[in-house]
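To start, I am sharing the structure in question, which I have written as structure tokens.
When the chains are written out, they are named A, B, C, D, E and F in that same order, and each has its own residue count from 1.
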Amino acid sequence: MDRFEKGLEILKKLNDENSQELMENLKDIAPDLGRYVVEFPYGDIYARPGLDLKSREIATVAALTAMGNAQPQLKSHINGALNAGCSRGEVVEVIIQMAVYAGFPAAINGINAAKEVFRRIDGKIP
Amino acid sequence: MDRFEKGLEILKKLNDENSQELMENLKDIAPDLGRYVVEFPYGDIYARPGLDLKSREIATVAALTAMGNAQPQLKSHINGALNAGCSRGEVVEVIIQMAVYAGFPAAINGINAAKEVFRRIDGKIP
Amino acid sequence: MDRFEKGLEILKKLNDENSQELMENLKDIAPDLGRYVVEFPYGDIYARPGLDLKSREIATVAALTAMGNAQPQLKSHINGALNAGCSRGEVVEVIIQMAVYAGFPAAINGINAAKEVFRRIDGKIP
Amino acid sequence: MDRFEKGLEILKKLNDENSQELMENLKDIAPDLGRYVVEFPYGDIYARPGLDLKSREIATVAALTAMGNAQPQLKSHINGALNAGCSRGEVVEVIIQMAVYAGFPAAINGINAAKEVFRRIDGKIP
Amino acid sequence: MDRFEKGLEILKKLNDENSQELMENLKDIAPDLGRYVVEFPYGDIYARPGLDLKSREIATVAALTAMGNAQPQLKSHINGALNAGCSRGEVVEVIIQMAVYAGFPAAINGINAAKEVFRRIDGKIP
Amino acid sequence: MDRFEKGLEILKKLNDENSQELMENLKDIAPDLGRYVVEFPYGDIYARPGLDLKSREIATVAALTAMGNAQPQLKSHINGALNAGCSRGEVVEVIIQMAVYAGFPAAINGINAAKEVFRRIDGKIP
């Protein structure tokens, strides 16, 4: 199994719908970037054996909340965290904790992202 | 047990030496900031039951690596992550993963921080 | 008066409407974060005697404009700055000044936030 | 020719429509900021002889993509890069490259900005 | 009095020693950048009548503490804030407050910068 | 020629000495990160045909100056920019321009990085 196949397998598990949208969105302007997303983050990094997927998604949700400039990707990884075995409560804890390291606005905006993801899963928003 | 006592207990467990240095350092210029560090991050947040300390330190190491502008605190939390039960390998995985979300320079500078912490623990640097 | 009560008093003075929305918004997903917002930023920090509220809001508007990744909170604090005694002109000066430290895009986006806040106060947008 | 006139000449060449909107937008709240935008970035910096306009726009698109908190200005400069002689493919390459230095989310959000600019030029969005 | 002269006058008042070092440092590699520093931030912005110098320095100390990636300039402006009429206590308050908006590491690193500036003024470090 | 070989060829051309140090530095703690640096940034991205190496280094110097939290990598790429055909004057122009998008402190700190690189090349510092 090559890097792309390995990556796609993990990506499907974590974020099937979002990743198909991403590929679709990139295909006419930067299809190679879509391929790199599968190959490097997922095929190379998430596929590494030294850390479980749940911890990897905790790390990613923390980083994207703290950086505060990548809301679409944060939502995608909140979803991924749930698919990797985090409870909603654990995702919320990670985000609240970022108030300490990146300030309250980052944490509040992260919670709003989580709220939207949870509501979409619950069918309350389309 | 009040917020300060609860926080101090957790802080001692995660980062005893670093936190004493921090308090010492702040005491003549902003002692209240030293107290807040114990009360809010540790007494309020890390003390919350919904996420284990190991996952909390993974989140913090991820965020500080990604932000890339707080090397002293990153080193402190790499140490804290080890005290919370992360293996060195797991810490390294979290940091490498940040190449995906914050770029290779952030990951490389994070690895250099980890290297320094590991070497200090091993007695190779004072 | 405890930290929460002290914080709420200040928050009501600076940002009554926004803060009620914030609490309402957080209450079903992360109510503790809503409580922390009252207790730590307002009950602990803004309540401190060493700096007047007007100067505190100038500092906050400056920081949020410079960081550029927290527009809802920037708008809230532009409003808070006016309630703390800043004139519109002073708020605009703080934001323009950020062109020097965080670049012109940060300043322009900050001015757009101020424009929206001013227009809402003037009843030109709902 | 003074700084303002020199700046306006370059700005018209790079971003005529966007810059008129910007001036219009700033005129009732911070007209001096509009004047500074013409004078300092364009009249002082872009007017300097040591680097061609195409390279200047490559630098700006790279920086704004990497910073990730100034989407309106990024779109403006993607347009400016095309007017300075970059092909669409070159703009896309600059943005993809930012995955290395600022992470994949920054690159993906940059590509989405480019897609919107290209579609507007092609008359597919108004 | 032209922009350069006006800027130099303000800069001398706020940061005489630091600004001479800066000019000296830039003169053989980018002397125009040294000139722009005098002309735009000081000659254009700090010279504006709508906000007093003390409030301007509060805004700048806040922003540089929050951004956390410009320690030399933060130290310079802590010094400038004192020269503009801030007490040491007020500078410390501004920096502590940044824990709320940019996280505790930013505030702690800002306090360390202030400590160094205060000790230099007191002749405790050269 | 595989990704690693292709990447190493480009990396040697741009930054031979720095990249050997980097690999050496990573080899006992995160050797795979060293391999990824060769494979993804250089083997995948810089190897792409759509943008010349000189423009790629201009983009990277711009981004790292603007981000302001990766001084070692900025110095490395200032060196790379020279090896890719930029004159010293062009590198200085790119960095000065960042004052517009990321503020004067970022530009000044970038110029200091360039000064150090130029002096090292000239044999004035070891």
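Of note:
Following the convention adopted for this analysis, a residue touches a chain if its C-beta (ideal position, glycine included) is under 8 Å from a C-beta of that chain, and two chains touch if they have at least 3 such contacts.
Bear in mind the structure is a predicted one, so any value in this text is a computation, not a measurement.
Among the remaining chains, those touching chain A and also chain D are B, C, E, F. Homomeric contact chain B/chain F is classed as different-residue, with under half of its interface positions used by both copies. When chain centres are set by their Cα atoms, the one at the greatest distance from chain D is B.
Summarising the inter-chain layout, the chain whose CA centre lies farthest from the centre of chain A is E.
Work out the mean CA point of chain D and of chain E, and you get 29 Å between them. Measuring from the averaged C-alpha position of chain B to that of chain D gives a distance of 39 Å. Chain C and chain E have CA centres that are 23 Å apart. Chain F has residues 32, 36, 40-41, 48, 64, 66-70, 73, 92, 96, 99-106 in contact with two or more other chains. Partner chain C is touched in their complex by these residues of chain F: 66, 99-106.
On chain E, the positions that touch chain C within their shared complex are 40-41, 45-46, 48, 50-51, 55-56, 58-67, 70, 73, 89-90, 92-94, 96-102.
The residues of chain E lying in touch with chain B in their complex are 67-69, 92, 95-96, 99, 103-109, 111-112, 114-115, 118. For chain E in complex with chain F, the touching residues are 22, 25-26, 29-30, 32-33, 36-37, 40-41, 64, 67-70, 72-73. If you check the complex, the residues on chain A that touch chain F are 32, 36, 40, 44, 48.
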